[in-house]
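Same chain, two partners: chain A is paired with chain B first, then with chain C.
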Partner chain A sequence: MECKNSKDINLEELKRQRVRLHESSFEPKEIYRGYADRSLYINVTTNEVKVKKISNDMKEKFTGGRGYGMKYLWDAVNPDTRWDSPENEIIIAQGPIGGITQYPGAGKSYVVTISPLTDLPVDSNVGGFFGPLCKFSGFDALEIQGKAENDVVIFIDGDNNKVIIEEAPGECTNSHILAKTLTEMYADSEEDKMNVSVVSAGLGAEHTRFGILNFSHYDLRRKECKLKQAGRGGIGTVFRNKKIKAIVVKRSGIKGDLNNPHDLDTIIKLGIKLHREIYENDTKQCWMRVHGTTQLVDAMNAHDLLPVNNFQYGEHPDAPKIGKNSFEKIFDRSNVDGCWYGCTLQCAHGITGLEIKTGPYKGQKIFTDGSEYETLAGCGSNCGIFDPYQVSETNFYCDTYGLDTISFGTTVGFVMECYNRGIIGKEVTQGLDLNFGNWEAQMELMHQMARGEGFGVVVGQGIHRLKKLFVEEYGADKEFLHDIGMEVKGLEFSEYISKESLAQQAGYGTANKGPQHDENWLIFMDMVRNQIPTFEDKAEALFYYPLFRTWFSIMGLCKLPWNDIMPADNHLTDEPAKVPEHVENYIALYTAVTGNDFSEEEMLLQSEKVYNLQKVFCLKMGKGLREYDYIPYRAMGPVTVEEYESRSERYDKHLKDFVKIDPDGMTVEEKIKELRKYRESQYQTLLDAVYKRRGWTKNAIPTIERLKYLGIDYPDVVDVVKKFL
Partner chain B sequence: MKIVATKPELCIGCKACEEACVKVLFKDTDTEKSAIVITELGNDKFDINVCNQCGECIEICPAQAIYRNKNGVVMIDKDKCVHCYACAGFCPTLSMRYHKEVTGPFKCIACGACTRACTTGAIYMKEV
Partner chain C sequence: MVKVNNKEMKWQDNMMLEDAIIFAEYHEYYHPILVVTLNGILIKSDAFKTTPINKGDIIEILQPLAGG
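The block that comes next holds the complex of A and B.
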């Protein structure tokens, strides 16, 4: 359902069109030490709604957030389940620390489903108020299964302890209008809008494999719904396939003690300390409160790490146009740009009055969130586009249509290179001139995705399927497409050039859900600062950081306040990359919320249980072995002559210093070949070291001993692993 | 508006101001809960820390719980406050208070009780 403008919405008419399918009440439940210890299960095929108790074993082994999501999904699906099978679930879960208002970054939800891109379990984190409001309504997780016949809205009323499912034919599907419509519909007053949060997707999610979920929160000052995205892996596509138009939660009376923590005093003191650190240091460090993540465009460009023209190059002279200085002027920063109460790091900026030039909202002046780094790099530089207003519009439409800016940008970059090289022509693109830099063509592709027509729908299937199509239907060179198609396991790369960082290459390759940087981001440690020179050092980093960062996902925390703000004396510590004082904060926070004694070792162990379950889950779904950790060569080194020549001095030196070959007299093709042989062999050696450190076999399979050590040697988990050992 | 102004050089550290403050704010005698804080610096010198009603906390509050009343004094609406303490961390003069036994942040409400208790003129009400 498309509509032009939120001002045209008639709430009474929309309510009149509703058909109630289910209404039930649940017992209220206070949170105790961070947990409600129950989840809400909703089946949209049968409209069954039930409150499930979370067992002590589940809590002990999987902790919360992504851990709960993975376990519920594991129990729900079988190896033949695909993204659009009715038994596939979408689980939205918080964690025990999630929802505290005092420590920055404590409003994250973690969403899990079987991905339409990878056929694997995918997890994606998202801000916004939904997670905390859902938890304070009495649920640690929300588990959605089944497929509705017609579009439905699910309402979780945490004030009156009710769940209502209604057919909702009238509401606009696109998120910027839908979130505002439903917020107004369910709130009793302007101030009450802060107590409502909406999960929605958009028209683009219906016709592509990389649909997202938008999680809203109401900005009282701007009087706008801000949207944060569970972006990776196509969760919005699953959402719309289930014919869910939106999930709404309402819970009023938010206070700082709703988690009923063991030691509120410690939480408040830690919170005030970090607020002060941000107040004093942000403009000396990352400038998140001013530039958000846009400052990364400049930083990545300066280190040759910014993807340009489908990851061919790492810098571009026009990159600053979509960097921090541009957005400092374009953002209408407010002092409350956090995505949950108490996040003073406030990276979530916005643009008011952006004039839209294309598509159904052409001519309107709208409010939009962001832009964020990944969007600027993926939809901007990676497609050869360097106009901040154009990329902001791309960002707006991606959000409202429910499209992942990373998969969209990386996929369109790939298609543009195929078009530029003549691998596909206008007969394939259906007349679109997809040269790098052609923003109008990029936007037309996106509008086609929303309309469900044209080449846009083809592109919306993602790089993995496009490669097959271009090879089988249009005679493209399979090996070359494999080299330049930036995907692993079916998921598109996030926006960092990893050519000169072996550790980052393996970080991308071994990431359970596909090449996303939220498991680890090791480029600076590895390439810039040379802090992890040996294979063992890199393997240790690839053990520690994915587990450390998994911990945020099982707690309901955001990663940014860990290392995008640091104590002033952090550089004097033994391991500045770990930000030891903040790790201590997290350990103290966990104890303060749950009352359990805790250490860094236990933190990693908690994560390792979840991480290994997810790994075995990948095996269960048929894609967990070593071969699925291989990455396209463009993520390792130069594929083409022009790529080599653009950095010939660096690559020649690499040949001399590491490969021990004198490049003088060699052709560029010969040099590319020798460099490739060396780098691919290095990658394989590192995989061996990483698997060994993780307690896996050389074929990337967790051993039975490891599973026993982790306490997740359930019979059905062991059965999966046994088949491969 | 009137604020509590200070002349630290006149302070003798008797802390009568703190006692007066907690009496007004909490009907209490625990001076740890005072919105005005006297700190001994050594050599008979004292620091006086109290809110100057600059209002920067109003902007940082995500719940719009902090406002100026009709007299210009910065106040906290306890019903709206979500206890995030962003105001405490972001106060330029570190004059927003936290105490374990008090629900939510608290601050000087410019009532003048402390100035009336001061025997040396180290604190006084000033129109700004």
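The block that comes next holds the complex of A and C.
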């Protein structure tokens, strides 16, 4: 039975119930120049544990982080592998710069698996302590394969160089209690809790396709565990399907030079420079240390880019209620909320004493991590909900149940629109009144997902499968559902209205894992500033930015310190959007850690190898061709009469100026049709330009020449590509 | 007085929105994008130099990020 309160936990009883399945020792290994040059493989079917050497070729071609994840997964699976096949793996890896304590943003891990939503390789980034602690235990990557018979906890003891696998029947599954329980169990003292990090999912991850992983770190002042999320793609669902309850790592003695870097002085100097920049400029720029990402609600609302009611609209008069001014009063700023050591950008914020109104923790006052923009937009405005306390509770439950707030919010928004339009009724929702704005109904769906019952479990299959179900079982209009169901390749859209930004549309459509903005966030450059007006400009941006952002994912870095804080004179540079001084910082940082000479060209080349392997991987798994880069029309333009009429002046002007049609005298339906024809053809033209710039064919296939140039023309990679050329 | 990101700025005749941006120590190109609202209404960047501000106005200058 799931426990209700961490105070009720009897640790000794939990330990008594444990059954040890495996215990082995490994040779200690220091990191050298950012690398251990080995990974830890664990198979939970056989309880095999082995240390694997990482070859020079793998290191040279795939660097670390997402690169290692993609390569290990590529080797492990075949085209018939599904997310719940035993051979599917979860790989957690940092990167050579990961774990430094002097420069902000070095705590990121990158997690890779075959996604239950897309059946494609998905990568998801997560901050906090687990990645560095695991790295400093002597491993560049952690590879988990197989399926346990019963729930297990894996303990990586970096202090005593051991791996222990135990059946753990007694522990809760929900993360906010489990993380605290296991931190308490494995720490030797209160201070020692800082040296423990727990990876866990939750009950919601067991019954949906969009489960997340939570990575904990202990907040000494609050005496609480904070949770960071590897949120996209359903990795938590895979985790629970493998019957892994938690992975725990413990590593004491964290110091600033554990990477044994080539040039520590330079790392320190670069760090001091950035800390000063953050200190002096944050309140003139991002206000990250006060507002976190909540201010993006206000910014997006101001530009008609905030998703409202399943992406129908871009702004709402109540949006400020879930924006920065509201949360400034709610966040607990008595404590400094950071991530890994040394990150002074402090983008995360917490809420203390939130009184829970629903579900199994009703009546409790809990500490929870504050909502990020995606949650506020996805679970808030996109579902017509504008109460900050309600969205904060949604966020809390998503975290503890192990649910992706983006997929949850975008999926529920879709279901609400279907309900609103009479496509489904209460006989389908099993009595839930799923109108926009009905928070109680949204929460009941979530609790059903955790309990594994009711309509919640149906919704937990994600939009791609819901569309099919509603058409086949309830006679819904297939074309209409395709237009309003905001998913690509099976993954739900993240929370930006891309209707007026062709570059962002292609950024969403061409992203390897599905429409997640971490590859491209070009809306303002494109739509507001008109800095990339031609197809070639957009294609160049869609070449550069995914690669630059990929670089963070192979290094173990967070991208926020790159462009969410800027030098005071950034505006005087030739390309302010790239923040050139920070690019130089990263080049210097890489050399200072690894000792290798470096340049921006090499940076992009490193990324391009990983990016193209992931692309060929999508082909291998059956969804890499051009047709899988098509996006629902709602991501491009107005689907319904109401949507057109809400912005009729804009759309009429667009018909006149770009489509060269006079809208006077046309019906709204006729105008929608003409605008659609134009926008869809623009999208296809941009895809042509993007693929050409990337060195791919018109059908989105990397050419063999490109693979050779990148040095990833391995026989099995070429074999996949040859089938499609 | 005028409020700029919750700070008070002394108002003078012929003040334009750009003066508030300078007061808040933003430069229009500090970051490629600034989102500026005057009494809740979004003002486009090409109007910063020509939009007058009046006594009692509330100006908010926002810095868009890329989610989180």
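Just so it is clear, the second predicted complex is superposed on the first by the 722 of 725 C-alpha atoms of A that agree within 3 Å, B and C clash if a C-alpha of one lies under 4 Å from a C-alpha of the other, contacts with A are read in each partner's own complex, and residues count from 1 in each chain.
Operating definition for what follows: a contact is a pair of C-beta atoms (placed from the backbone, for glycine too) under 8 Å apart; a residue touches a chain by one contact, two chains touch by 3 or more.
Small disclaimer: the values here were computed from a predicted structure and weren't measured.
Engineer: Contacts for A:528 in the overlay, against chain B (first) and chain C (second): which applies, first, second, both or neither?
Structural biologist: The second partner, chain C, only.
Engineer: More residues of chain A are touched by which partner: chain B or chain C?
Structural biologist: Ranking chain B and chain C by residues of chain A touched puts C first.
Engineer: A:255 in the overlay: touching chain B, chain C, both, or neither? Say first, second, both or neither.
Structural biologist: first
Engineer: So, A:276: does it touch chain B (first), chain C (second), both, or neither?
Structural biologist: The first partner, chain B, only.
Engineer: Is A:194 touching anything from chain B or chain C once the two structures are fitted on A? First, second, both or neither.
Structural biologist: It touches chain B, and chain C stays clear.
Engineer: Which of the two partners, first being chain B and second being chain C, lies in contact with A:221: first, second, both, or neither?
Structural biologist: The first partner, chain B, only.
Engineer: Mind working out whether A:335 is in touch with chain B, chain C, both or neither, as first, second, both or neither?
Structural biologist: Only chain B; A:335 stays clear of chain C.
Engineer: I'd like to know which partner A:302 touches here: chain B for first, chain C for second, both or neither.
Structural biologist: It touches chain C, and chain B stays clear.
Engineer: Tell me the contact category for A:369 with respect to chain B and chain C: first, second, both or neither.
Structural biologist: neither
Engineer: Per the contact definition, I'd like the list of chain B residues that touch chain A in the complex.
Structural biologist: 59-64, 80, 82-86, 88-90, 94, 98, 100, 104
Engineer: Looking at the complex, which residues from chain A come into contact with chain C?
Structural biologist: On the chain A side, the touching residues are 284-288, 292-293, 295-296, 298-300, 302-303, 324, 347, 372-374, 494-496, 517-518, 521, 524-525, 528-529, 531, 559-560, 563-564, 566, 568, 570-572, 576-577.
Engineer: Could you please specify the touching residues of chain C with respect to chain A in the complex?
Structural biologist: The contact residues of chain C facing chain A are 24-33, 35, 37, 42, 45, 60, 62-68.
Engineer: Along chain A, where are the residues that touch chain B in the complex?
Structural biologist: 101-102, 191, 194, 220-221, 254-257, 265, 268-269, 271-279, 334-336, 338, 341-342, 344
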